[in-house]
Amino acid sequence: MVAGFGVELENVWVQFDSFVAVRNANVRIEPGEFFSFLGPSGCGKTTILRTISGFLEPSRGVVRIGGRDMAGIGPNRRPTALIFQNLALFPLMRVWENIAFALEVRGAGVAERRRRAEQLLELIALPGQGDKLVHELSGGQKQRVAIARALCAEPQVLLLDEPLSALDLKLRQHMRTELRAIQRQVGLTFVYITHDQGEALAMSDHVAVMREGVIEQIADGRTLYDDPATTFVASFVGENNAFPGRVTAEADGMAVIETAVGHLRARIATAARGQLAPGDRAMVFVRPEALAVAGPGVLPGEGRIAGRVTAEEFDGPSYHLFLEGPGGTPIKTSLVNHGIGRSSSIGATLTLAFDPMKAVALPAGELAQEE
Amino acid sequence: MKPLAWTRQFVERNGWPLAAYIVLAVSFWVLVLIVLPQLVMVDFSLRFDLPPAKQGGPEDVWTLANYRYFLFGPPGDPLGWNYVDLAVFARTLIAAVFVTLFDLAICYPIAYYLAQAASVRAARMLAVALVIPYWVNEILRAFAFRIIFGTGGLINTLLLTIGLVDQPIDFIRANVALYAGLSYAYVLLMVFPIYNAIESLDRNQIEAARDLGAPWWRIHWRVVIPFAKPGITSGCTMVFMLAAGALAAPQILGGPSSLWFTQIIYRTFFESVNWPRGAAYAVILLVVCTLLVLLVMRLFKVRLGEVGR
Amino acid sequence: MSARRRANGLTRLAVGAYLALFFTYLFGPLVIMSITAFNSSAFPRLYPWECLTFEWFAKLVGDQRLMTGLRNSLVIGAGVVVLSVLLGLAGSLLLTQIWPRARSAYYTLVTAPILMPGVVIGISTVLFWDRLAHAIGASYGSALYNGIFLTILGQSCFIASYCMLVFVARLQRFDLQLLDAALDLGATNVQAFRKILLPFLKPAIFSAAVIAFLASFENYNTSVFTISHYNTFTIEVAQKVRLGIDPSISALAVIVIVLTLFAALAREAWMRRAEQRRAEGPVPGGIVGAVAGNPAAVLATFLLVAVAGVAVFAARHDPSTCKAAALEERLERQRRLEEEARQRRPAEVAPATPAAPTGQVQNPGRGMFGDIFTAPGSPPASPAPPPAPETRNPGQDAFGDIFTAPGARPPPQQP
C-alpha cells in the first residue's frame, strides 16, 4: 500500500495586507500519518491548509510535499486533494460524475470513469448509488462521496477542512471512526483541520495546536492532554482548572506555586523544564477528573484545595461539582457516579485533593495577564 | 489590496484565456459602447454645424452656441429666451414627474399585495399577468391607447352613444392619451423594485405594529414605506428616466400642438439635420434628468448603490 | 367580533375591487385592441361592430415593408443576443472579483445605460462611429456606416446591462468553492469554467438571451437613430401607426399577444413540471402526463387548439355579403344625415360626397393619401363610391378612418 507523501512547512508566513494569518510555521508531517491542526476559529488553520493545497502562496518560507518545493505550483498540479468544509460537491452532476471528475478533466473516457467511480463507491460503502443526484443523498453519504471524489484524483495527501462540522453529533462520531478506517485502508497522508479537540485527539497520530497564527505545540493526543507545552494548550485541549501564582520553590522537576487557593505543588511541564525559578509568575493546571474529595488522612505530598459548592451537574457517568475557592477562584471537579444514592452537596464546603504528578506547572503566558 | 497585486491574482484565478475574455469584453463594452460615444457626443455638441468640407478646417472650433441656442434661440431673436424649446423641456420634465407619481400611487398597493398579502401561487400568477403586457411591443401598447382615446375611439363612441356629450372629446389633443399610455408603459418597472423591497420585510414587523394598535395607514407610513424606500426610489428613477426619454409614445399619442423634448431632438436630427445641436439637446436631457434624480435621492437620503437592485 | 369581521370583509372587497381595476387597466387596452382586429370597420373599433373578418391578417402578411423589417429585426436580434450575452457575462464575472474599491463605481458605470434615455444612446452611437469612420477614412459602404451594425452596437450598450443583472442574480447563488474544488481535482481554469460555472449559468444564459432578443426586437428609441436607411420591424410599425391607424396593426397585436401568452404559459407549465418532478420523483410521461394537474399546461394546450380552430374557421369564412350590407347601411345613414343637414342649413354646402380632396386639403402632410393608394391587399374595386366622412366626427381620426381603409374603394379621381 502506498504510504503517501510527507508534508513539510519551513518558516512559513502567510500575510494578507497588514494581517499576519500564519506566523513562522514549522511542521513535519510524516508519510501516511493522520495529522490534525486544532485551534479556535480564526487561528489560521484553514490558511495553512489552503497554503498546502496551493490556493495561497506563502509570503515567506517553503512548502514541500514529498520532498519537492511547491512554490509556483497551482492547486491543480499538486499531489493533494482537498475536502471542503461544505464539501463543494457539484450540484448539477450525478454522484458518479462527481467522483470521476478528476478523471474527466484528464480526458478519460466514460467507461473508465464509470468503472473507477463504481470501485470508489464500493470503498465508501455506497455501491450502485452512482446515478443519484447529489441532493438526494443524506449528510453522511455526501461526506463519503466527497472523500471518494478526492481519492479519485489519486492524491498523495488528503486535506480535510472541518468536513464533519455540518453533521449532527451521532453521525459525527460515527464518521470519525469511518474516516480513520478509510485512512488506514488507503494508507494516505491525511491532514485534518478542526476546532473540535475531541475529534482531533480521537483520530490523529499527531496534532498541531494553533492560536492566532502561531503553532503552540505539535504532539500526539496523550502528550497534549497530559503534558501541554503552553497555558493555551492546557486550557484549550480538554477542561482544566487554572490557578495563577508565583513560584516559591523548584526542584527535581517539581515546583511549588503560591496561588489564591494556597501553596500548590505540581510537575513542571516537559516544555517548561528549566524555565521556572522562584519568584516567576506561573500557573498550575489541575484536570477536574484529577480532583477528588479528600479522605480523612493527608497523603504525603498530596495537594489540597478547599471551596464551597455552588452548583452541581449530573450527566450519567459522573457528577460535576462547581466550587468557589478562596478569592472567588472557580474550581470544577468530576466525580464518578458509583450508583448509590447521593444527596446534593450544594452549599457544603469541601476539601479536594490531587496527586501533584497529575498537576502541571507552566510559566504564566499571556493567559495569566488576561485573567 | 494594491491594483497590481489584484491584477496578478485576477489572472491567476481565471487563467489566461478567461482573464483575457473578461478584460477585453468589459473594456469593449465600457469604452467603445458606453464612455467614448458619450464623450464624442459632448464634443459634437460643442461644435458648429459645418458642411463636411469645412469640418476640421479653421472654423471648426469649440463653441457654446448650441447650448446658447437652447436658452436664447437664434442670435438676435427679439424674444430674449427660446420659449418654445424651454417650455417643451419643462413640460416634458413635469409630465414625467406626474407619470412617475401616478405609477407610484397605483403600483404601491399592488406591490404590497403581491409581496405580503397574496398566497405564493396567486402572487406568481399575478406576476406573470404583470409581465405579459410588458412584453407586448411599446408601439402596439401606444396604438391600443390610440384606439381607445381617439376621436372615433371607444370612449368617445360610448360617450356619444350614451348621449353624455354631443361632440367627441379630443383626448389626444388634451394629452390624456399620452399620459395614460406612458403610465401604462412603465407599470412593471415600478411594481417589481417595490415588490422586491417589501418582500424582504419581515411580516412580524407589520404584525407587531398592528398588535401595538397602529392603524393601517400608519403601519405603511412608519414601517413599510421606510423599509421599501430603496425599492421605491429605484422604481421612480427608472420610470422617470424612461418617461422623460420616451420617444415612441409621444410620437403616437402626443397631440399635434404639444411636443415631447425627445421629439425636438428627433426633429433636429432628421428634419433640420443639425447634428451638433441635436447632440447638445441630448446632453441637456441626459444631464438635467440625471441631476434631478440625484437631487431627489439626496433629499430622500437614498444612496446610489441601493438603487437598481 | 362581528364588526371586525365586517371590516375584514370590506377590506377584502376593496382589495378585490382594486385588483380588478388595476388589471383592467393592464389588460383592457390589449383586449380591446385584439377585438378590433376582427372587425371589418376600417377604423379599429369595437362599436359599431360591422362584420367578422380576417382580412387584416392577410393584409399584414402581405405587407412587404413589414416583412423586410421583420427580417432586419431578426438579424439585429441575433447579433444583439450574442454580443449582449457575451458582454453581460464578462461584466458579471468581473463584478464578482473586481478590486473592492472600484466595485461600486464599476457597478454604476455598467448599469447606467439602463437609465440612459434610448435616444441619447442612439445619438451617441451614431456620432461616435461616424467620427471613427471619418478618422480612419472608411468608405460609406463599409460596416461602420451600416445601420444594422450600428443598431446591434447601440442596443447592446444597454441590453448587455440587462443581461449582466440576470447573471449577477444567478451568480449570487453560486458557491465559489466549487471552482476551487474543480481546480483542486486537477482541472485547469478553463475546464473549471466550462464544466462547473457554465452549466450552472445555463438557465441564466437562456433567460438573458430571451430578454436580450425581446428588448432588441421591441426597441424603437435607439434604433430609430442608428438604423440609417434600413428599417426594423418596430420602426415600420411605428411609421404605420404614425401615418394612420389601421386594424392590420391590431392584427399584428393579436399575433404578438398570442405568442407572448403562449410563451408565458409554456414557461409556467415547464417550471411547474420541474417542481413536481423535484417534489414527487418521475412524472408520468407522454402528453397526457405532462398536462395532467398542471393548469398552465392545460391553458397552453387550449390556446394552441383555439388558434388552430380559428385558423381553420378563418380559411372558410367569407364576410363579403355582410360587408356589402354594412356598407349599404352606412351609405343610407350618410344620405339621411346629409338630408337633415341640408334641410337645417340650406345655404351651406353639404359635406362633399367624394370627400377625399377635402380631406387632403384639411390634413396636409398627414400622409393619408400615400397610405390609401399604396395600401396593399386592398380588395378589388367595387362599384360603390367611398363613404363620406361622418359629419359628427370632424377630427383627424374620422378622416384617417376612411382614407386608410383598405376596404374602401379607390376614389373615382384616381387615374
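Labels A, B and C are assigned to the chains in the order they are written; within every chain, residues are numbered from 1.
Operating definition for what follows: contacts are C-beta pairs under 8 Å (C-beta built on N, C-alpha and C of every residue); 3 or more make two chains touch, one makes a residue touch a chain.
Chain identities (UniProt): A = ABC transporter ATP-binding protein; B = ABC transporter permease; C = ABC transporter permease subunit.
Here the structure is a predicted model, which is why all the values come from computation and not from measurement.
Colleague: Between chain A and chain B, how many steps is the shortest route if every step has to go to a touching chain?
Modeller: Minimal hop count between chain A and chain B: 2.
Colleague: Work out per-chain C-alpha centres and flag the one nearest the whole-protein C-alpha centre.
Modeller: Answer by centroid distance: B.
Colleague: Return the chain pair with more inter-chain C-beta contacts, choosing between A-C and B-C.
Modeller: B-C
Colleague: With centres defined by CA atoms only, which chain is the most remote from chain B?
Modeller: Of all chains, A has its centre farthest from that of chain B.
Colleague: I'd like to verify one number: the distance from the centre of chain A to the centre of chain B, where each centre is the average of its C-alpha atoms, in whole angstrom.
Modeller: That gives a centre separation of 60 Å.
Colleague: So how far apart, in whole Å, are chain A and chain C when each is placed at the average of its C-alpha atoms?
Modeller: Spacing between the chain centres: roughly 66 Å.
Colleague: Using Cα averages as centroids, what's the distance between chain B and chain C in whole Å?
Modeller: Computed from C-alpha means, the inter-chain centre distance equals 19 Å.
Colleague: Give the residues of chain A that touch two or more other chains, as numbers and ranges in rising order.
Modeller: 74 - these are the residues of chain A that touch more than one other chain.
Colleague: Would you please write down the residue numbers of chain C that are in contact with two or more other chains?
Modeller: Chain C, residues with two or more chain partners: 188.
Colleague: Can you list every residue of chain B that touches 2 or more other chains, as numbers and ranges?
Modeller: 1
Colleague: Could you list, by residue number, the parts of chain C that touch chain A in their complex?
Modeller: Interface residues on chain C, with respect to chain A: 175, 177-178, 180-188, 191, 195-196, 199-200.
Colleague: Going by the contact rule at the top, pick out the chain A residues touching chain C in the complex.
Modeller: 53-55, 74-77, 80-82, 84, 86, 88, 90-92, 101-102, 104-106, 149-150, 152-153
Colleague: State the interface residues of chain B toward chain C in the complex, per the touch definition above.
Modeller: Checking each residue of chain B against chain C gives 1, 3, 6, 10, 13-18, 21-26, 28-30, 32-38, 40-41, 44, 55, 106, 109-110, 113, 117, 124, 128-133, 135-148, 150-154, 157-158, 160-161, 168, 170, 184, 187, 237-238, 241-242, 244-248, 251-252, 262, 265-266, 269, 275, 278-279, 282-283, 285-286, 289-290, 293, 304-305, 308.
Colleague: Within the complex, which stretch of chain C touches chain B?
Modeller: Residues of chain C touching chain B: 15, 18-19, 22-23, 25-30, 32-33, 36, 43-48, 86-87, 89-91, 93-94, 97, 99-100, 104, 107-121, 123-125, 127-128, 131, 134, 153, 156-157, 160, 188-190, 193, 214, 217-218, 220-221, 224-225, 234, 237-238, 241-242, 245, 249-250, 252-253, 256-257, 260-261, 264, 268, 392-393, 395-398, 401.
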